[in-house]
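Note that the chains take the letters A, B, C, D, E and F in the order they are written out, and that residue 1 is the start of every chain.
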Amino acid sequence: MERYLLDLIIVLPFMACLAALLLPTDSRAPATWLAGVTTLACVGLSVLLYPSISGGGSLQHRIEWIPSLGLSVTLRMDGFAWIFATLVSGIGFLVVLYSRYYISAEDPVRRFYFLFLAFTGSMLGFVLSGNLILMVIFWELTSILSFLLIGYWHHSQAARDGARMALTVTATGGLALLAGVLIIGHIVGSYDLEVVLASGDAIRAHQLYVPALILVLLGAFTKSAQFPFHFWLPNAMAAPTPVSAFLHSATLVKAGVFLLARLWPVLAGTPEWFTIVGLAGMASLVLGAYLAMFQQDLKGLLAYSTISHLGLITLLLSLGSPLGAVAAIFHMLNHATFKASLFMAAGIIDHEAGTRDLRRLSGLFRYMPITGTLAMVASAAMAGVPLLNGFLSKEMFFAEAVATHAESWLDTAAPYAAVLGSAFAVTYSIRFIHSIFFGMPPKSFPREPHEPPFWMRFPVMFLVLACLVVGIVPGLTIGPFLQVAVSSVLGAATPQYSLAVWHGFTLPLAMSTVALVGGALLYLWAGDYLQRAETAPLFGRIQGQRVFERVTVAISWRWARLVEEVFGTRRLQPQMRLLVAAAIAAAIPVFASGLSFGLHGNERMDFAFSGLWCVGMICAVAAAQQAKFHRLAALALLGGTGLVTCLTFVWLSAPDLAATQLVVEIVTTVLILLGLRWLPKRSEALAEPGGTLDRLRRFRDLSIAVLAGTGMTAISYAIMTRTPPDTIADFFVEKAYSDGGGRNVVNVILVDFRGFDTLGEITVLGTVALTVFALLRRFRPAPDSIERPEQQRIQWSFDEAEPGREAGATAAEYMYVPAVIMQWMFPVVIVLAAYLLLRGHDAPGGGFAAGVAMAAGFILQYMAAGTVWVEDRLRILPVFWIGGGLLLAAFTGAASMLFGDPFLTSYFQYAELPLVGKVPLASAAVFDLGVFSLVVGATVLMLIAIAHQSIRRLRAVRHEERQQWN
Amino acid sequence: MELTLALAIGVLTGSGVWLILRPRTYQLVIGLALLSYAVNLFIFSMGRLRVGAAPVLGADGAGNPADYADPVPQALVLTAIVIGFATTALLLVVLLAARGLTGSDHVDGRESH
Amino acid sequence: MSADILLWSVTVAQAMLVAAMGCNTYRLIRGPRAQDRVLCLDAMYVSAMLLVLTIGIRTGSSVYFEAALIIAVLGFVSTVALAKFLMRGEVIE
Amino acid sequence: MDWARHLLIVPILLPLVTGAFLLLVDELRHTTKAMISLASTLLLLASDIALMRIADGVPPGAGAMSSAYAIADWPAPFAIVLVLDRLSALMLVLTSVLGLASLVFSMARWQRAGPHFHTLFQFLLMGLGGAFLTGDLFNLFVFFEVTLAASYALLLHGSGAFRVRSGLHYIAINLASSLLFLIGVSLIYGVAGTLNMADLALRLPGVPAENRMLLEAGAAILGVAFLVKAGMWPLCFWLPSAYLAAAAPVAAIFVLLTKVGFYVLLRLTLLIFGSEAGQLTGFGGIVLLWGGIATLIFATSGVLASQAMGRLAGYSVLTSSGTLLAAVGIGDATVVSGALFYLVSSSLSTAAFFMLIELVERAREPGADLLAVTMEAYGDEADPDKDAEEEVGVVMPGALAVLGVCFGCVALLLAGLPPLSGFVAKFAMLTGMLNLQGLGNPVEIPARIWLLVALVILSGLAALVAMMRTGIRIFWAPLEEIVPRVLVIEVAPIVTLLALCLFLTVGGGAMIRYTDAAARSLHEPASYIQGVLEPGASGAAVR
Amino acid sequence: MSRVFPYPVLAASLVLIWLLLNSFSVGQFLLGTAVAVVASQAMAALRPAKPRLRRWQLIPWLVGVVVLDILRSNVAVATLILQGDRRDRVSGFVSIPLDLRDKTGLAVLACIVTSTPGTAWVEYAADSGVLLIHVLDLAEEDEWVTLIKTRYEAVLMEIFE
Amino acid sequence: MTHAENLPVWVALLASFFLVLGAGLTLAGAIGTLRFRSFFERVHAPTLGTSWGTGAIVVASIVCFSALGSRPVVHELLIGVFITVTTPVTLMLLARAALYRERAEGSGAVPPRLTLRRPKGNALQDESSDSDR
C-alpha cells in the first residue's frame, strides 16, 4: 500500500502539470488551486508515509524498466529522503501561495504552473529515487526545468543569459555526474542505491575511485553553485522571485549537497574527498560571504549568501566526521527555511517599492512594519543570531571546524575561515536590513509602497515562525525528524549529538560571539563604503560569468569553426583526392605483403591485341589531356577508347558485352553532344596562370593517378594469372539450357538466374531518366548560351546576304539528302532491335541492347528532321514506356507467386505449332520485353528532354522579344 | 594478353583519376566515363581471359563449364555498363543545370584561387 | 594445313586493321581540325567492325556477328551527331 | 499455399509496383497520386511490422517459416537470397516509419515542387528495402544504386542553385564510391568465386594464403565505399551540405542513407570477418573505431560551428554516424545492442528535426515556405510548377508553441538528455562500453574506449549548447512573434516521430531485449549461414 | 492491304532482312512479317516522300556498273596513296547541275558518289539543283561531269521519275 | 583454329585472299588519311575501307562460314549493304560541315556558294596544301 503512495508523491505533480496544459492560457485561480492542492497533497502523502520510515528503515518500490542494463524505476524513501520530500513539497506549497499574488495576470500563468509542477515532480523524484541512473535522470530534468523557469520572462536579455548560463553549467555537471555514476556502476556492477551504499569500501579501494569522485563532485558543485562554478547563481536572479525562493533556496541548489550527503557513506573519508570538497566548501563559504557584502541588488546579495551557506554545508560534509554530516543536514533544513522567507520578503519589497537596488531602497520600515520585522528575524537567522535555527547549526559547524580530522593546512585553516565567513554573514545581514528598512525616508519610489496582502505575507510569516520555534526548542520540534534523517544517512555511524541552545561557555560560543561582534563592527566601519561600492575589491576583478562567456565563445565557436575549417572542406577536389587516397590505402596491405603473380594462361601473347590497346591507351591519355580546352576532341577520343573496349570484349569471348557497350557508346556520344551545346567553348585564354604551387598540385594529382593506375594493373594482373577458384558460374553454365531454357548463358543469368539484379538495374535507369526530366524542366541556360550557336548565326547571315534565299535555308538544305537515308534506316533499326530482343535468349543481344538500339533509331529521326517535325508525326510517351516496362517486368516476376513459387521464378517450354515447328516460350522473354520497353523509354526521355531545351530556349527568346515590343 | 589488359586497365584508371581530380565539370564527366571503362574491364578480368570461348551454348545446349568463359563477370559488367550509362547521363545534366544556375563550370560552382 | 593458312592470313589481316586504327588515331589526336577527328573516328568504327568479322572467322563462331551488325547499322549515328554539331552547333534542332 | 513466405519480397516489390504505376497516373492529379503512395506506404509499414514479428519469433508458430527467400527458386549460393533477421527487420520498420512520416509531410507542399515525386520516393523505399534484405553482395550493389539514384532525384527535387551544386558534389562522390564498390565485389569474386555473403563466409577459411591478401584488399576497398555512405571522416564532407540543400522531407528520409552504410558494415564485419573467418577475425575493427572517433570529433565541432539549422542537423547526422561506426569498431554484443537502440532513436529524432527546421524557418522569415518551394524556379511562362505555392490542408493553431515544444524535444534527443529516448540510447551504449561482459563482471577498459565514452558524452553537450543557442535565438529573442502558417499534416509527422521516441523510452526494456537478441545473433554467424545455405534445415535459425 | 503494307517494297525487303538474320523457315517468315508490319507502320507514321519505282529492272544493271566502278577507283586511289603523292596531281571541286529532283534518287546518287573512292559529295543546292563534289584526282574535269550525268543520273532518272 | 582443320585448302586460300585484300585496302585508306594534305582530300581515304575493304572481308566471311556450315551463309551481306548506305550520310554531313566552317572563316580554299548558282559546272583548282588549319 505505502509503495503506491510513494509512487503517488511523484506521479501527482506530473499529472497535475499535464492537467495544467488543459487550462486556458490566462487562468490564474484554477492553476493556483491545482498547484496548491497538488503540493499540499504531496506534503500530506509524505506525512502519511512517516510511520513506515520513522523506525529507521526505508520504504522501496521497484518497477523494472531495462533490467539488462540495471536500470529500474526504484523509489526509495528513508529518513533523509523523507525530510527533503516534505521540505520540497512544503515550501512548494508556500511558494504557490506566494506566487498567486506575485505573478501578474499579464504573464503566461499556465506556463508558470506547468513548469513549476514539473519541477516539483522532478525534485521529488530526485530525492526519492533509489537507482543512481534514475537519480541522474531527475537531476537533469531539474536542470532543464530550471532553465525554462529562469527564462520565464524571456523577453529580457538578462533572463535569457541567466538561463543559458545556468543550464550550460548545471547540464555539464549533470553529464559529469552521469559519467561518474557509470563508473560507480562499472565498479559495483549495479546502479541500485542500496547496493551502491553497501559497497563503499569496494569503491574507495578501486583504482577508478578518484575519477569517479571528481566526476560526481563536478555534478554536485555545479548544481550547488560551489566555487569555482558559483557564478551562474547570481545571474539566475533574473528569474521571477517565487522561482528563486523555491529553486535557489530550498530545492535545486540543495540537490548538490543532498547528493554529497547521499553518497557520503560511499565516497567520503578519503584524503582526496577531504581536500577537494574541503577546498571548494571553504572557498565558497568565505568568497560567497565576502562578495555578498558588496552586492547592490537585493536578490544578488541573497544569491551570494546562498553560495556561502552551501559552502558551509559542503565544508561540513568534507570533514568526513559523522557529527559534521549531522550539522550539514541540519543546516540544509535551516538554510532552506530562512533563505526561502528572505527571498519572498525581497520579492515583496521589489513588488511594493518597484526596485531591488539597495542604493535606492531605504526607510521602508514605516511603510511595511510587519514585513520588515519578518525580514529582520529571517536575516538574523541567516546571520546566526542565538535563539534562531541558524545559530544552532552554526554552533555545530564551529565545533566541527575546531576539531581536527586530517592533519592538513585545511584543517588548521577551517576555524578561521568559519569565523571570517560568519562575520561577513553578519555584516551583509545587517546591511540587508539596515539599508532597506532604515535610514532616510524614501525619496523617489516608482510607486507608493505599503504592506502586501495577508496571504502574500503568510508564507514568510510561517517560515520565520519555523526559524524561531526550531531555534528555541529544537529538541521538541525538528529533533526526532533530524534523528531519523541522520541515522538513515549514517546508519551505524550515527553519533551522539544534542540540539540544545545552550552548551555552556564553549569555544564555538566564543567564535560565534567574535563573528557577531566582528561583523557588526565591520558594518559600522565600512557600511557607507559598501553602499557605494561598484565592485568588490580583490575579487571584483575575477568575474565568473565573463570568464565563462569567454571560454564558451572560444570553445563552442572559435575552436569549433577552426576544427571544421582545418579538418574539413566544402570543395569537391579535395574530397575526391581523399576518396582515391583512401582506396589506395585500402589496397596497401597487398603490396606490403608482397604481391605474387601466377602463371595461369600467361603463355598467349597477341600482337594485334597489344597494338589495339596501344591505340586504346593513347586515346585515353589524349582524352585526359584534351578534356579541358578541346571538349569535342576529348569526346571523340573517349569514343576511340570505348571502341577498343568493345573490341576487347569481342576478342575475349564476351559478345553480349560488346553489343551492349557499342550501343551505349553511340548513345552516350549523342548525349554528351546534346549537352555540349549548353557548355560554351573554353578558350586557352582562360587558362589560369600556372604558378609553382599550381604545378605542385598537378604533380601531386599526377602521382595519385599513377599510383592508382599501377595498383589496378598489379591487382588485376595478379588475379588474371591465378588459377580461378571453383565458382558459382559452373552451375549457371550447366543449368542455363536444361533448366533456364536459353543458350546464351549471360542472358539467362540476366533474365533468370540473377534477374533480380536486372530488375533493380532497370529501376535505376528509369529513376535517372525521371531525374533528368525533372531537372531539365527547371533548366535555365547560362546567359552566354541562351542565344543560337555561333554557326547558326553565321549561316543565317549568309542566307540573308544571298538574294532570293530565305533565311534558315541552309539548315533545311543541309539535311536535304541525308535525311532521306536516315529515315529509310528507321524501319531497319526497328528490325534490328526486334532481332536483338527476340534472339537474346539464345544469341548475343537481349532487351537492353535492343532497347538502346531502338532509342538510337528514334534519335536518328530527331537529328534528321528536328524535334517539331518528328513530334507531330510520332507521339512517343517515354514515361509510359518506363512505367509499363517496369510493371511488365515486375508482374512477370510476381506471376510465379500465383503458382506458389518464389518471385521471378521462370517457366519455359516448347510449343508445337503447325507448319512453324517448335517455338520456345519462356516467361523470361516477357521479362526481357519489360526491360526493352523501359530502356527505350528511359533513353529517349533523357535525350529528348535535353533536345527540348533548344525549343524552350527559342520560346524564351520569343517571350523576351514580346516583352520588348510592348 | 593478360599483361596488355592489365596495363590497359591501369592506364585507363590513371587517366580517369587524373581527370576526376580536375576542377572542370566536363573533365569530371570524361574522367568518370574513363574510370567506368577501366572498372568494367577490371570486373571482366576477374573471370580470367578466354579467347573463342563465348558462353553461348551449342545447339544441343549441353554445357561443360571448362569450355566457356566465366559468364558471371560478364553479367556483372553488363549491369555495370547500364548503371554507368545512366549515371553519366545524370551527371551531365546536373552539370548543365549547375552551369546554368551558377554560371560557372567549376565543380564548386565558383572559381577557387 | 588450311587452318594454318587461315590463321596466318587472319593474323595478318588483324595486324593490318589494327595498324589502320593506329593511323586513324594519329589524326584523331592531331586533327588538325575537328572534322578530321570525326572523319577518323568514323573510319575507326569501320576498321573495328572489320576486326570483329576477322575475329569471327578466326574463332569460327557466328556469335560476334551481332556486334558487327550493330556497328554497320548504328555506327554512323554518333558520327552524324558529331558532324551536325560541327555544322550547326546543335545536334537536334 | 502460404502467402506468408512471400512476405519477404513485399518491401521491395510493393514500392516498385506502386512507383511504376504512379508513372501512368496523370502528373496533375496530385491528390490521387499522394493517396496511392500513402496507401502503399501504410501497407508497407504493416508488412514490415509483420516481418519484424516473424523475425522476433512471434507468433511462436511462425518460427518454422523460412526467413531466407531464394529469388527465382534457384538453390542458395547461386541464386540471390533475401534474408530476414532481427536486424534487417528493424531497419525495414524504421524505413517505413520514416518513409510514412516524410511522405505525409511532403503532401503539404513538396510533392508539387517537381514531377514524379511519389514515384521517386517509392523507388527510394524500394532501394532501402532491398539493401536491408539482400544476402548477395552484387545485389547489394544494385540496391545501393537504386537507393542512390532515387536519392539523387530527391536531393535535386525542386532544383535551385545551391541544391544543384551540392547535388553535383553528392553525385560525383557517390559515383566514385560506387566504382570502388564494383572493384571490391569483383575482386572478392575473382578470389573466392562467389557473391553470396553466407557462402563467402563459408569459403573464407579455405582461401589459400597467397590469395587472402587480395581478398582483404577487396574487402577493404568495399569498406571504403561503405564508409563514404556511412559518412566517416574524412570521407564525409559532402554530407552536411547535401542534407542542408535537400528539401525537408527528403532530408528526413536521407537520415537512413548513412544508416545503410552502417548496416552493411555491421553485417559484413560480423558475418564475413567475424568469429568464423580464421585469420581475418575482427577485420578493420580498429579502423572503424578510430574513424568513428575522428568523425565524432569533427561532427561535434561542426555542430557547434554551424549557424544554419540545416547544417547543424547535417552534422548531428554525422555525430550519430561516428558513434555508430565506433560502436561497430568495438564490436561487442553489448555495445552493438546499445548502438542499435541509438540508431533507431537518433534516426527518428534527426528526421523529425529536418522537418521541423523548415517550419521553424517559416517563423523566422515570413514567406520562407513559398521560397522554399519555388526557390529559383525557372522564370519561364511555361513553368509547370506555378501552382506549387498553394497549399492543401488545415492550418495549425498555436503553431509557435507546438514548434517550440517539438524543438525542445529534439534538443533533448540530440543532446541525449532525459526523459526522451536519446538518453536511454546513450546510456545503453555507455553501459555496454564500460561493461563489455555485461553489468556485474567488470573487465579492464582500454584507453580508447574511455576516449570514446568521453566523446559520446561531450558530443551530447555540444549538441545541447548549439541547440540552446539556436532555440533561444529563434523562440525567445525575437520581440514580435511571427506565427508561421503551419499545416496539421506538417506537424503531425514530427509529433508522431517524437512520440515514438517517448514510446521508445517507456518501452525501453522491450526494445533493448530485441536489440540484445539482434546483436547476439549477429555474433553467431553460423546460424545465419546455415539458414541461408540450407533453408530447409531451420529458417528460424536465421535470427 | 495497303494499310497493312503502306510500302510493299520496304516490307518485302524487311522480311528478307529478317530471314537473312535468322533462318529461312516458316516460323521465322511469319515472325518476320509481323516485325515488318510493325516497322512499316512506324515508317508510315513519319510520312516520308513515297518513291515510285518506275523501271526497277534497271536496278541490277546499275548495281553491277557501280560495283565495278567502285572496284576500279579503289585500285586507283589505293595505288595513288601507296606510291606517294605525285606533284602534278591536283584535286578540286566540281559543280554539276543536276536534273534529277527525286529525293530518293538523289540519295542513291549520293551513295554511289560517296562510295566511289576519289569522289566526295560535298554540297547540293536544293533550289538550283547544282551539286558540288570534290574530286581527288582532277585530271579532266568535264569527264567527271559527263560520268556522273550520263552514267548515273540518267539511269536514276529512268528508275525514279 | 581447330574448326578450320577440315576446310578445303582452296576455300582457305580464297578466304585468306579476300581477308588480306580487304584489310589491305582499309589500311591503305587509313594511310591516306595520314598522307593527304587537306581535309577534302582525306575525305576520300576512308571510302576504301567502307567500299571494297568491307566488301572483301564480308566475302571472306561468307566463304568461310558457308564452307564450315556446308550451307550458304550470306547474312554478312547485310553488313556490306548497311555500311554502303550509312557511310555517305556521315561523309556528306561532314564534308559540308567542313565546307561551311571554311566559308565562315573566309578561307579561299573552298568555292563560295555562288558557284552553285551557275548553270554550267566548272572546276576550281584546289592549291591549298593544308590551308584549312
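In the analysis below, a contact is a pair of C-beta atoms (placed from the backbone, for glycine too) under 8 Å apart; a residue touches a chain by one contact, two chains touch by 3 or more.
Predicted model, so just to flag it, every value in this text is computed and none were measured.
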Neighbour overlap between chain D and chain E returns A
Of all chains, the one whose CA centroid lies most distant from that of chain E is A
Comparing A-B with C-F, the busier interface by C-beta pairs is A-B
Using only protein Cα atoms, the chain sitting most centrally is D
Here the gap between chain B and chain C, centre to centre from mean Cα coordinates and rounded to Å, is 20
For the pair chain A and chain F, the C-alpha centroid-to-centroid distance in angstrom is 69
Between the Cα centroids of chain A and chain E the separation in whole angstrom comes to 74
Two or more other chains are touched by the chain D residues 138, 142, 145, 149, 152, 156, 159, 164, 168-169, 172, 176, 183, 187, 189-190, 195, 376
Residue ranges of chain F touching at least 2 other chains are 24, 29, 31, 43, 45, 50, 75, 78, 82, 85-89, 91-93, 96, 100-101, 113
Chain C touches at least 2 other chains through residues 14, 17, 19, 21-22, 38, 58-60, 63-64, 69, 73, 75, 80, 84, 86-87
Pairwise touch list, complete, is A-B, A-C, A-D, A-E, A-F, B-C, B-D, C-F, E-F
Chain F partner, complex, touching residues on chain C are 1-10, 12-14, 16-17, 19-24, 26-27, 32-33, 35-36, 38-40, 42-43, 46-47, 49-50, 53-54, 56-60, 62, 65, 68-69, 72-73, 75-76, 79-80, 83-84, 86-87
Listed in rising order, chain D residues that touch chain B in their complex are 138, 142, 145, 149, 152, 156, 159-161, 164-165, 167-169, 171-172, 175-176, 178-179, 182-183, 185-187, 189-190, 195, 376
In the complex, chain B touches chain A at residues 1-24, 26-27, 29-31, 33-34, 37-38, 40-42, 44-59, 61-65, 68-72, 74-75, 77-79, 81-90, 92-97, 99-101, 103, 105, 107-108, 112-113
Given the complex, residues on chain A that touch chain F span 791, 794-795, 798, 802, 810, 814, 817-818, 821-822, 824-825, 828
Seen from chain F, its contact residues with chain A in the complex are 82, 85-86, 88-89, 92-93, 96, 100-101, 103-104, 113
